[in-house]
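Structures incoming, each one as structure tokens.
Look for subunit A in each of the two complexes below; its partner is subunit B in the first and subunit C in the second.
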Partner chain A sequence: MNEFVETLLEMQWHEPKSSYDVVIIGGGGHGLATAYYLATRHGITNVAVIEANYIGSGNSGRNTTIIRANYGIPESVRFYQHSLELYAGLEDETGCWIMHATKGLLWMAHTETGMRAERARALINTACGAETHVVGPQEIKQICPQIDLTGNGRYPVLGASYHVGAATARHDRVVWAYAQGAMQRGVTVLQHTKVTGLLRDGERVVGVQTDRGPISAGIVMSAVGGNVTKIAEHAEVRLPVRTHALQAFVTNAYGLDFPGIISDSELSCYVSQTPRGQMLIGAEFEPQPSYSMQSTFNSLASCAKKITNCLPFLRDLRVLRQWTGICDVSADFSPIMGFTGVDGFVISTGWGTWGFKGIPAGGEQMAELIATGKTPDLIAPFALDRFANDHSMADLGSAGTR
Partner chain B sequence: MSDTTGAASPGRIVVDGRPIPYQAGDSVAVAVMRCGEHPKHGGTICLGGDCPNCSAIVDGVPYVRTCQTAATPGLVVRRHPAAGNPSFPAVAQPDITRSPVADHVDVRRETADIVVIGAGPSGAAAADAARAEGHEVMVLDARDSNEVVAIYGGPTVIVRRPNGMLHVHAHQVVVATGAAEIHPVCPGNNLRGIITARAAEQLHDAGVDLGNAVAIGTPPQGVPCTAVAGRIVRFEGTDTISAVVTMGDDGLEVTTPCITVIVGLGFAPRDMLSRMSGGLPVSVVGQAAEKFPLPPCPTAGTVCPCSRVEVEDLEGVWARGFHELELVKRASLCGTGTCQGGVCGPHLRSFVADRSGEVPEMFTARPASRQITLAEASADTYTDVFRRSPLHDEHLALGGQLDRFGGWWRPWNYGDHIAEYWAVREAVSLGDVSTLGKLVVSGPDAVELLERLYPTTVADIRPGRSRYVLLLNERGHLIDDGMICRETETRFVLTFTSGGAANAEMWVRDWAETWGLRVHVLDRTMSLAAINVTGPLASQLLQRVGLVDPPKFLQHRHDIVAGVPCHVMRLSFTGEASFELHHAVDRSVELWRALMEAGQDLGIKPHGLQALFGLRLEKGHVIVGMDSELDSTPRRLDMDWAVKMDKPDFLGKSALVRTAELPDHRRLFGFTMQGNAPTEGSPIWSDGNVVGHVASSFSSPLLGHAVMLGWLKHTPVPEQVQIDGRTASVAHPPFYDPEGRRARA
Partner chain C sequence: MLWLTCPNCGSRPVEEFGFGGELPTVPDRITDPHQRDVDYVWMFDNLEGLSTERWFHQAGCRRWHTVQRNTIDDTVAT
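Then we have the complex of A and B:
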């Protein structure tokens, strides 16, 4: 038996009931992590997670597995740094091997404007607890000898910010770690169950309608990715969210020689090597809103072009598989977590292209919010009402490159 | 069917450092097997392009299916390591100041009414039928070296060929890719000496000696071999097969010694292309559309040779509660390698069907069906377009360090930004502002349009006068700034920032259309160049080159400067008297040189952005996108003076009215500090907390200390803060010439 299989823990599926204290819509990382932390931190186990497909079938199983905290605003740096730290302890906590590896992230710049952004990023990151340095071309070459510092003669590398604590983990195994931990403690996970509506008692949300019947709930949380605006519509909550496609691709597997995570902030592309040796390459989300998961050749071609500017050895690697996820992008490029203004209905959304790295902290904080009825300080800035209050968390500069 | 992906004439290739002869018609795999070798290290050989078992490093590219690669003289083949992955291709960069030379990949683009993928019987029939209906048909077959990588939207068919890429834009696609042969899954299926019936036919046709061959299942046609009845239990041997063990209906094992086993275990549709093209005008014909029976549920052996997944791995995954095809795939990694389920798919489905009682669909197919390198994927793609001003070569000739800014190549400095700074403050300097957005808006509703677009009053700007304006979106957030110059009652020239110009044009046009106003919008960003003549001696310089009476502050007019017709705008961003000369791009070099020449004895120098950013910062002028954020209202920028809330309406007004009632802790402030300027972006601390950050900073040569703009995001606003470990004071810009005398001089 290979080590990938040997190290898996067991899923304990439970029979569905008609009523739960908490129903979470969406069996991805955020939904399952919330259930896990409800069970482990707050002893709340009468919980169901409802998944339209199989667990981790959405963006949790389609992302590029990068964990980082090098954001541009203090509130985000603190949140993601906390998440990064939870990730680092997740294997010990759950006993699941999520293939976590701290690798460091180089975020390269080619222009004075780009360097200005990276210098600022390093300072604000470090001030908020996420160690990040500015490094010059020679240091970059030492960290990653494969880099062509001339950028194919077009994009010379002037420098980079180096985010020391950045890591990767196997996306599926993160989902399963939380699922297993939650199910062990009695949480029900219902796969292939579509939520078709919300049950209301006056204004209050009191459960969900599914294609397999109604389920009542003390509180309903949406942890949906990709179609969140449709779920929120059932509660008459309007979200400042647009859904965009994001594409990525992976090459065949090669020797494990590639150091760290290399990201090109100005060309918006990035690459890391998976534990199996594949090169995982991605870009930014498509500019036009769409629910389509159809991959495009243009995306593959332009991303391959960009990433090979500074990493010419990638030119001779062969493309194994290209795929697409759909991301809910909020108006200020920061996530939305917390109360919705509708009793009994809370939400975790707007995760755009950075949802994977926020799973542990997002789950932990939402669990606390549900258990205590109060918004924890760490996520208070990410409340939905910030848009109405004109207190947005604008951080476009950190959104481009996952 | 014979393999036509083969060599044209005999020759030699080099395999693992050893020259190997090949014959006409040989693929690399056939040439290797002709020498008695296995192109990998073991596993069933199908020669159909369906599995990973013949892939090798070909001319430095790993994972090339050698059965799909014609042998050509001198081709260098290295086998993948027996254990572990191939290493990265080496790229030589002996001199790190030079890029490694990259091979060029050609791309051809063609169109066709109908693309038929597969030239077998069903493909040929589909092609004939389509031609008979008068359609233009293109037939693509891997055996003719047209490997179809994927079908994308359009539909666009991406094809890999030995000499480059082919992109075919079709109206319809017919997938006629036939069927792949089932590989055996049993103990010993990683040994050498197992070939499929079709592979046996190919090898026999190519004159390859198969030795003592035993056939199991449907035997190959015309290949000498001994047929053995029953199903395969296991293969025996070390490295190479020495015997096959079978079991008949009687339940008894029979061991047959042999060195080659030919397996005819049935077929599975070769349907990856059709499975990835849902929603596209793609039809499937022939065996690719057929439902073949699944092989029996595997009980032991390697299921997925790509990811080295054994049956016991599938069993282990199932036992842990992963109870559907997708979860089994993800947990075991079965089907996630080079062939993307080509080999293991039928066995995996059979395994899941056996345990769940339902036959699952195959998992989603995605590009690439046949693999391409990143070089092949990106061939003929260009992503970097940065515009050049007409003065680009002048900047280079003057020693300008050019950099990309807002979509343009612009001079960062000319070697000494402090000298450039002093030229502006004390003499005269030229700046290339050709990159500014420039729109002409005219027509009977021009005033109405601009009144609605801008938070400033527009109607009271007299012809010949101009005004600084903010551009807000519906949320009241700053999206750009610039000047409004009124030329006549119904004609205005608007300027925008360099980076905001493209968006501004769409913005103005969209709103004009939305409101149904009678205006004409002309974008002159690219047709007009502009030179900013700035400094206390700017007027003097302009008088020397024929502008007898330069306009006064905030005036503008059309005039001749150094023989060049110009729209001359008097304004100031640097803090000194400044004249923007907007002129036709084809006169720009001439004008620039005349000004430089005439200003020589005045100490003229050109200035780059580095000096400009400092000059304007001393004046406290905000740069949109550098100092402002995505949600900066005029109030947050301390620019309420540029907003007339008593106007009937303008874009963003209702948002500003609403948010004016809300508590707001974000403000852009000025700061001063002794010593050098801190890094832009530095956190601003107060009582040990981060309370904001520095947006822009400059070590002012004139003032002898650091000046800054920065955000404070907490109240109450302290008088003093900590930046870069030093104490800084909150101050109100401008830091230089607060009365603006010099700009008006």
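Then we have the complex of A and C:
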């Protein structure tokens, strides 16, 4: 036993039943957090989370773990700031060590247009409660001495917005913390069980069909990441979502401390350091939809070529691992949470390449929606019917970086 | 790496093209005209398998053409 093991709770697996009050499809962060908050905030424990593979095998165990609130529209900033605060209290609340660390995030600009975007970002975020300042090259150098301010002569650093509260946390530990907390209170987690259809009574969804038999439910929630279109189709719900592959990689350990998180729209890369000292680097999702989890040399090479202009020390490191996740990217780059228009079927999707940071607030709010039957104010702007009502939540703050 | 075959320019790397989206299809079961418009504008089939898509040859002949691509392994069928 060491501190890594001691600071986790024990998994309490339960035998499957044929019926639950709530069935959640997908054992990623969003599904498990919803189960956890149903149990802890609303005393609803007759809940099953059904996972096709093992918990955290989807994007919740594949992301670059950046938690930030500096988005582009007030509705998003408020939602993500709340999530960021829930993350900060999660270790105390659950008793699990998720390796949460507040690091600050520098979003760099290399052109006057880029600077305008960062000034706007700082203003709107600070106004909505997510402290963000504009900083100049000298302050950037103080925060992150490794940056080459000339950008190798090609990408000069003119300034950045500095989002003070940005953090990282170990992704699979977040998944386990929610799973353990939920299971301890009686929630059933079924791994290696795939949902293959939805049970209907007329229009209403009344349960799920799985490869291990049917399970009935008072209400079904879908939280299946990139596979959402197929699940929703079983309820004849159409979604403004495309599945895109996103890749990331880590290097071997870097000997020095790299304290912050670097984000860069023009280089479309973001960089942080893991607790093991490795440099963790992610890029943009591929423009065409894909269900392929195949990582490509192309993506690695193009990302490495760009980011080494500003962080030349990365040239001396070696790539340790590269991987891919398939992401549910919504048409307006904002999440889709809540009712679907079909009774008994609610959804949490559109988390795209930015949904790790939203796990606590997404889970908390979806739990409230399920428990009360009403949409909480914080997530009302993110309902699916916004598209039909001409209220899409276009937010390029989520597309720029993770 | 994905290569697309432009009817004008031949086989070229995907970086030369812009993705223009799948051809929009609205399911027959949607009958309300407004809902059909909403579906046409916003909703995606997001197929896992063969998808019929528009691609723009940005760094070539600058013409649009239609491609059948398999979204499971990112290979081009036509």
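Basically, the second predicted complex is superposed on the first by the 396 of 402 C-alpha atoms of A that agree within 3 Å, B and C clash if a C-alpha of one lies under 4 Å from a C-alpha of the other, contacts with A are read in each partner's own complex, and residues count from 1 in each chain.
Simple rule for what comes next: a residue touches a chain if its C-beta (ideal position, glycine included) is under 8 Å from a C-beta of that chain, and two chains touch if they have at least 3 such contacts.
Keep in mind that what you see is a predicted model, and the values were worked out from it rather than measured.
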Of subunit B and subunit C, which one contacts the greater number of residues in subunit A?
-> B
Which holds for A:E112: it touches subunit B only (first), subunit C only (second), both, or neither?
-> first
Touch check for A:R242: first (subunit B), second (subunit C), both, or neither?
-> second
Using the superposition on chain A described above, determine whether A:T229 touches subunit B (first), subunit C (second), both, or neither.
-> second
Is A:E91 in contact with subunit B, with subunit C, with both, or with neither (first, second, both, neither)?
-> neither
Counting only touches as set out at the top, which of subunit B and subunit C does A:Y291 meet: first, second, both, neither?
-> second
Between subunit B (first) and subunit C (second), which, if any, makes contact with A:A120: first, second, both or neither?
-> first
With the two structures laid over each other on chain A, which partner does A:D343 touch: subunit B (first), subunit C (second), both, or neither?
-> neither
For subunit A, give the residues common to its interface with subunit B and its interface with subunit C.
-> 294, 296-297, 392
Please name which positions on subunit B make contact with subunit A in the complex.
-> 60-64, 84-91, 93, 96-100, 102, 150, 152-153, 156, 158, 167, 279, 307-310, 312-313, 316-317, 319-324, 326-327, 330-333, 336-338, 340, 366-368, 371-375, 377-379, 381-384, 403-405, 412, 475-476, 610, 629-631, 633, 655, 659, 662, 664, 679-683, 685, 690, 693
Residues of subunit C defined as touching subunit A within the complex = 1-2, 14, 18-19, 22, 27, 29-30, 34-35, 38-39, 41-46, 48, 51, 53, 69, 71-74
In the complex, subunit A residues that touch subunit B = 1-2, 4-6, 8-13, 54-57, 61, 74, 110-113, 116-117, 119-121, 123-124, 127-128, 141, 146, 148-155, 172, 176, 191, 251-258, 267, 276-277, 294-297, 300-302, 304-308, 312-323, 332, 389-390, 392, 394, 396
Residues of subunit A defined as touching subunit C within the complex | 229-230, 236, 238-243, 287-292, 294, 296-298, 331, 387-388, 392
